[in-house]
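Here the chain labels run A, B, C and D in written order, and each chain numbers its own residues starting at 1.
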Amino acid sequence: MTPTVSPPVSPAAPPHGLSRAQLHEMYYFMRLTRSLEERLVNLYRQTKVIGGLFRSLGQEADSVGSAYALDRGQGDFLSPLIRNLGSMLVQGATPLEILRQYMAKAESPTRGRELNIHYGDLERGFIGQISHLGDMVPVMAGVALSFKMRKQPRVGMVYVGDGAMSTGTFHEGINFAAVQRLPMVIICENNGYSFSTPMHKQTAVRQLVDKAAAYGIPGVRADGNDVLAVYGATKPAVERARQGGGCTLIELVTYRRKGHAEHDNQSYQSTGEIAEWEAKDPIDRCIRDYVEAGWATVEELAEIDARILALLDDAVGHCEDEPMPAAGTALDGVLADPARAELEWYRRIDG
Amino acid sequence: MAEVTYLEALRQGMMEEMRRDENVFILGEDVGAYGGAFKVTDGFLAEFGERRVIDTPISEAAIVGAAAGAAHMGLRPVAEMQFIDFISCAYDMLTNYVATARYRAGLPTPMVVRGPSGGYVRGGPFHSQNPEAAFLHTPGLKIVCPATARDAKGLIKSAIRDDDPVLYFEHKFLYRRIKEDLPEGEEILTPIGKARVAREGRDLTIITWSAMVYKALEAAERLEKEDGLSVEVLDLRTLLPMDDEAIMASVKKTSRVLIAHEDTRTGGVAGEITARINDQAFEWLDAPVKRVTAHDVPLPYAPTLEDFVLPQTDDLVVAARWLAAY
Amino acid sequence: MTPTVSPPVSPAAPPHGLSRAQLHEMYYFMRLTRSLEERLVNLYRQTKVIGGLFRSLGQEADSVGSAYALDRGQGDFLSPLIRNLGSMLVQGATPLEILRQYMAKAESPTRGRELNIHYGDLERGFIGQISHLGDMVPVMAGVALSFKMRKQPRVGMVYVGDGAMSTGTFHEGINFAAVQRLPMVIICENNGYSFSTPMHKQTAVRQLVDKAAAYGIPGVRADGNDVLAVYGATKPAVERARQGGGCTLIELVTYRRKGHAEHDNQSYQSTGEIAEWEAKDPIDRCIRDYVEAGWATVEELAEIDARILALLDDAVGHCEDEPMPAAGTALDGVLADPARAELEWYRRIDG
Amino acid sequence: MAEVTYLEALRQGMMEEMRRDENVFILGEDVGAYGGAFKVTDGFLAEFGERRVIDTPISEAAIVGAAAGAAHMGLRPVAEMQFIDFISCAYDMLTNYVATARYRAGLPTPMVVRGPSGGYVRGGPFHSQNPEAAFLHTPGLKIVCPATARDAKGLIKSAIRDDDPVLYFEHKFLYRRIKEDLPEGEEILTPIGKARVAREGRDLTIITWSAMVYKALEAAERLEKEDGLSVEVLDLRTLLPMDDEAIMASVKKTSRVLIAHEDTRTGGVAGEITARINDQAFEWLDAPVKRVTAHDVPLPYAPTLEDFVLPQTDDLVVAARWLAAY
């Protein structure tokens, strides 16, 4: 982290009404996302991660900048997808929870039932995704419907990828939300690929934001690698939703620099393309922009980085030796009533 | 006391619950101004307004998904499928999202998905289905199938109050054909998970549910008159969770079991019941558990064909005689 | 039929390269559609129709004009919905077949298995719908895919209503077709209602044609009550598809003057609205336009009407007393192998 | 002779059929350049080109629907579901459109839908499913579930040649764990609808399929060694249409039956098999037909939980001992 820019003598006010502290916080969440994923890579290589590992390298700004536009004090909600670790951290998810999830620990938020970042918390306002892409759009429409029905000034945000937008459930959900003028913001992350499938094989549109027209809602497009641009595009949509103005579709243009999952060798992505986007790295850019504008010093940001590393050391240390869930807990809570599934007869035979 | 139809009983049940609990609301296609394709929600828009009676686009997955999201937030949605055949469009949402929400994430998902099911109405392959079997193997769901007006009311009320997602499959053949005196002030709450002995008997049990209960009762009457057979008819009412206790009690009493359902045989619910009886009451069986079901074909439209494919009272009589003579 | 206009002295050539005979044929199919449905109403009232009856009164021009733009000689295909009786007649369906379907006769195209106009014929190039709205869009995409894969200059046309467009399968199917640049034309009939649901509760778009933008394909909008405008909008899309130019979405603006089905009392439609559209009746308009332009005389059109009535008399007479299918045929042909489903054991017990 | 994995056998089978018949083509998510999430179609794009190896959008309903449309026109599509769990998104299309096309309309619909199924891989609730039971009650479909490399190849080839729609559920746990010598020149065509005796036995039959076959064989071996029991293992291979003849032959031989499947119990395939045995071989039974299945919960992710929920070899041994002692 050695930016070659020097700070201005008298810094301009940060944009979008953000405070200096808020800018630092956004940097914090981006860096936390990246560092946490780097820890997970280590743990993955040590085979301590049970399933696959999914990275958001190069996409931290889109997750953080969009989620940051929500108002947690008002009870806003979001539903992330696999590359939205950053959004979850903004919403209050902790590194320890994430580590426990990946390592299937008993104390993980899903008690070892679901993998990686598939979890949520109604208190903090996020709902865990299921794997079936698109399904969270109707679900979040239902959450937003409850806000509208109860006349609560709350907003729901739901993430979709360039690939997820091809699903029928995406279409049904966003259309439902649009017709009902629900307080909802749909963040579409255009990272160029859906697994190995490039965007032109996923859709014939040139820009994903063009899809907003089909639902009669406004569409906004922003540079997904510029955290302030992301925030600047999202915040007005969130506030319009809160004031009864209905849904907005926001396309954030970014790039998936790692493979779909850690085991994917990215043979289908050209090295030139990857390098080009590396040069546009959202964290490097953030540092440059902040320092150049005088919103942070290199030292301040380095201090944040150090704080994060300590936090992560602590979290990894805390959970590495934790046990996995006890087998019998697998039967709890399929239903509220009965609260436990039956133990199969062959497990009730002694000896 | 007032004589009400099966449909009216269902309507009243929903109405009572909506009056009782602000959190209950209705969504579905044409449920508002039109009052639903079969008029089950007739008058609801007038009484509860657009906030609680929501006409949706033709989007079964969104209807179910939105119901789930709202349920997480403490509401109690009742989603209508215009014909239950269209629930297949929400199959993913129900089996993967709704059914697992509590287990995966501790998310409360109190919601009801209901709609007109069943044949004998010349509805052809896509307006006659019985989707019980499609959801029976999904842990996390409950399934109820009322046969009587009392249970139509009692089960919708219990379903709405239940803290788990409930699929409520009403039978459209019964809508206006079944009438019953239901006391006006009485709070009818049929417990979910409990079967009902629709007719006591000693020689043989017919296990069934929904519209088939009436064919079983007709068959039982004929068998009593013509053959002197005492046939018990067990109306399961709830399929998930299944009332093993009631099933085994009847099996142990009669030792001869016919399972009758309207849906096709292979992979149908009768298989599960047969396995449970095998498992829990094998020694009491004096004869193989036999099934009377539809033939294994999509349900055809022409009356001649539909009547042939679906099980009829005569079939039950023939099958019961065979079983009694075994 | 007493048009108050008089023919011009020297008629202009018909538009869109159509011949006089073709104009007459389009009139024929519109009138045939209407008269056949009127017969069906009679039969319905006599309870000779087994299930429900679905009308397309006032929508004949959109079905006929669009289907007429296909080239049957080239092997073009279509898949209709419940209001596209007219399209099916253009494609070669016969009134006798339709009557047999509605009356569930043994000789009906589906041998009594499916109802009303749910049937097709690969030879003549139409595929019968199933009830589940939207599902025919992917299926027709597959048909069009076969044309593309085999480099055949053939086109597939699929119909959707304003309601059907809300389904996930519509979205997945049209997107698939657009990405693959399949030779397909999607006709969207905007008749104002989906059962009782007005368009503004179905979608937040003002015009359905706006949905084309979400798929990166051209959209065209035309007056669905003007058979020549419909043809004029559809024909170029068909030919563009044939030449490898991909899909087009065409919105035809019309109105459903009857209820969703014959038993629907239309309480949710205002009488003013219905009257307004009655004044725009597509058949009256066609007569007026033809006669005014000199493309047909009143006598010629009356002769067509008479021919149709005779044809229908004949068809009704032919099938009314036909038998329904023999019960046992219900077991045939679920699979190619085995060719017959098993007869259940309880039907094999003698006595 | 060359030793090939289960996955490679499947790959070769598809390859051979694509070389043999111009009408066969492949479509699915990431099947082209990437060669499929598990590399089942690795090398196909290079050999057959974009015309016959189609990367699709994430649209399972469209994949299946388009396959059906193409099949009507004489092509023979093989559609991949990236994980079979996502077949639920095409449930409506498969059960309502594809399965009924021939019956309703005489439309030939020769197509295969295949994908990686099954657990024991720490895949969690949405990458471990076994969808057999979801489709067993749909007349018009065929379902195959190969356990061996030979059958992986032989059944995909037969499925592609079949004139009916076939669901081909391969087991991802077996992909690279199972190896077999398969003669290079031999045309392997496993008949659809025929079970296979995986091990002969006299005292007890384990009926099963797919990955569970290996646990059954392990259990049989242990039971032979430790208890002197002679256990027959019947690998059904095809679930629809079911090979009643093979099932009843084994039941009549051993009179004791354990049905083992990986999917949850309630509403699972074992119920149907139990009912068929009841129906056709009740008199030969010396003990109740018993099931060994997963517990009735969504499949959890943690190894401790997954291992507890899924049936294991030990469970089969315990259950078989109980049954033998009955």
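Definition applied: a residue touches a chain if its C-beta (ideal position, glycine included) is under 8 Å from a C-beta of that chain, and two chains touch if they have at least 3 such contacts.
Owing to the predicted nature of the structure, the values given are computational and were not obtained by experimental measurement.
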Chain separated most widely from chain D, comparing mean CA positions: C
Reference interface B-C: repeating pair among A-B, C-D or A-D with over half of contacts shared: A-D
Separation of mean Cα positions, chain D and chain B [Å, integer]: 31
Inter-chain centre distance, chain A versus chain B - centres from mean C-alpha coordinates, in Å: 41
Rounded Å distance, chain A centre to chain D centre (Cα mean): 36
Multi-partner residues of chain D (at least 2 other chains): 56-57, 59, 61, 85, 88-89, 92, 96, 100, 103-104, 125-126, 139-140, 279, 290, 296-298, 300
Multi-chain contact residues (two or more partners), chain A: 110, 113-114, 118, 130-132, 166-169, 172, 175, 179, 201-203, 334, 341, 345
Residue numbers on chain B that touch chain A, as the complex places them: 25, 51-52, 54, 56-57, 59-75, 77, 92-93, 96-97, 100, 102-108, 139-140, 142, 162-164, 241, 279
Residue ranges of chain B touching chain C (in the complex, touch as defined): 29-30, 32-34, 37, 55-59, 61, 82-83, 85-86, 88-89, 122-127, 265, 290, 292-293, 295-298, 300-305, 307-309, 311, 315, 318-319, 322
List of chain D residues in touch with chain B within their complex: 85, 88-89, 91-92, 95-96, 99-100, 103-104, 125-126, 133-140, 240, 242, 263-264, 266-275, 278-279, 282, 287-291, 296-298, 300
Footprint of chain B on chain C - complex, ascending: 50-51, 104-106, 110, 112-115, 118, 130-134, 163-164, 166-169, 194-197, 201-203, 267-268, 324-331, 334, 341-347, 349, 351
Residues of chain A that touch chain B when the two form their complex: 109-110, 113-114, 118-120, 122, 127-128, 130-132, 135, 137-147, 149, 168-169, 172-173, 175-176, 179-180, 333-338, 341, 345
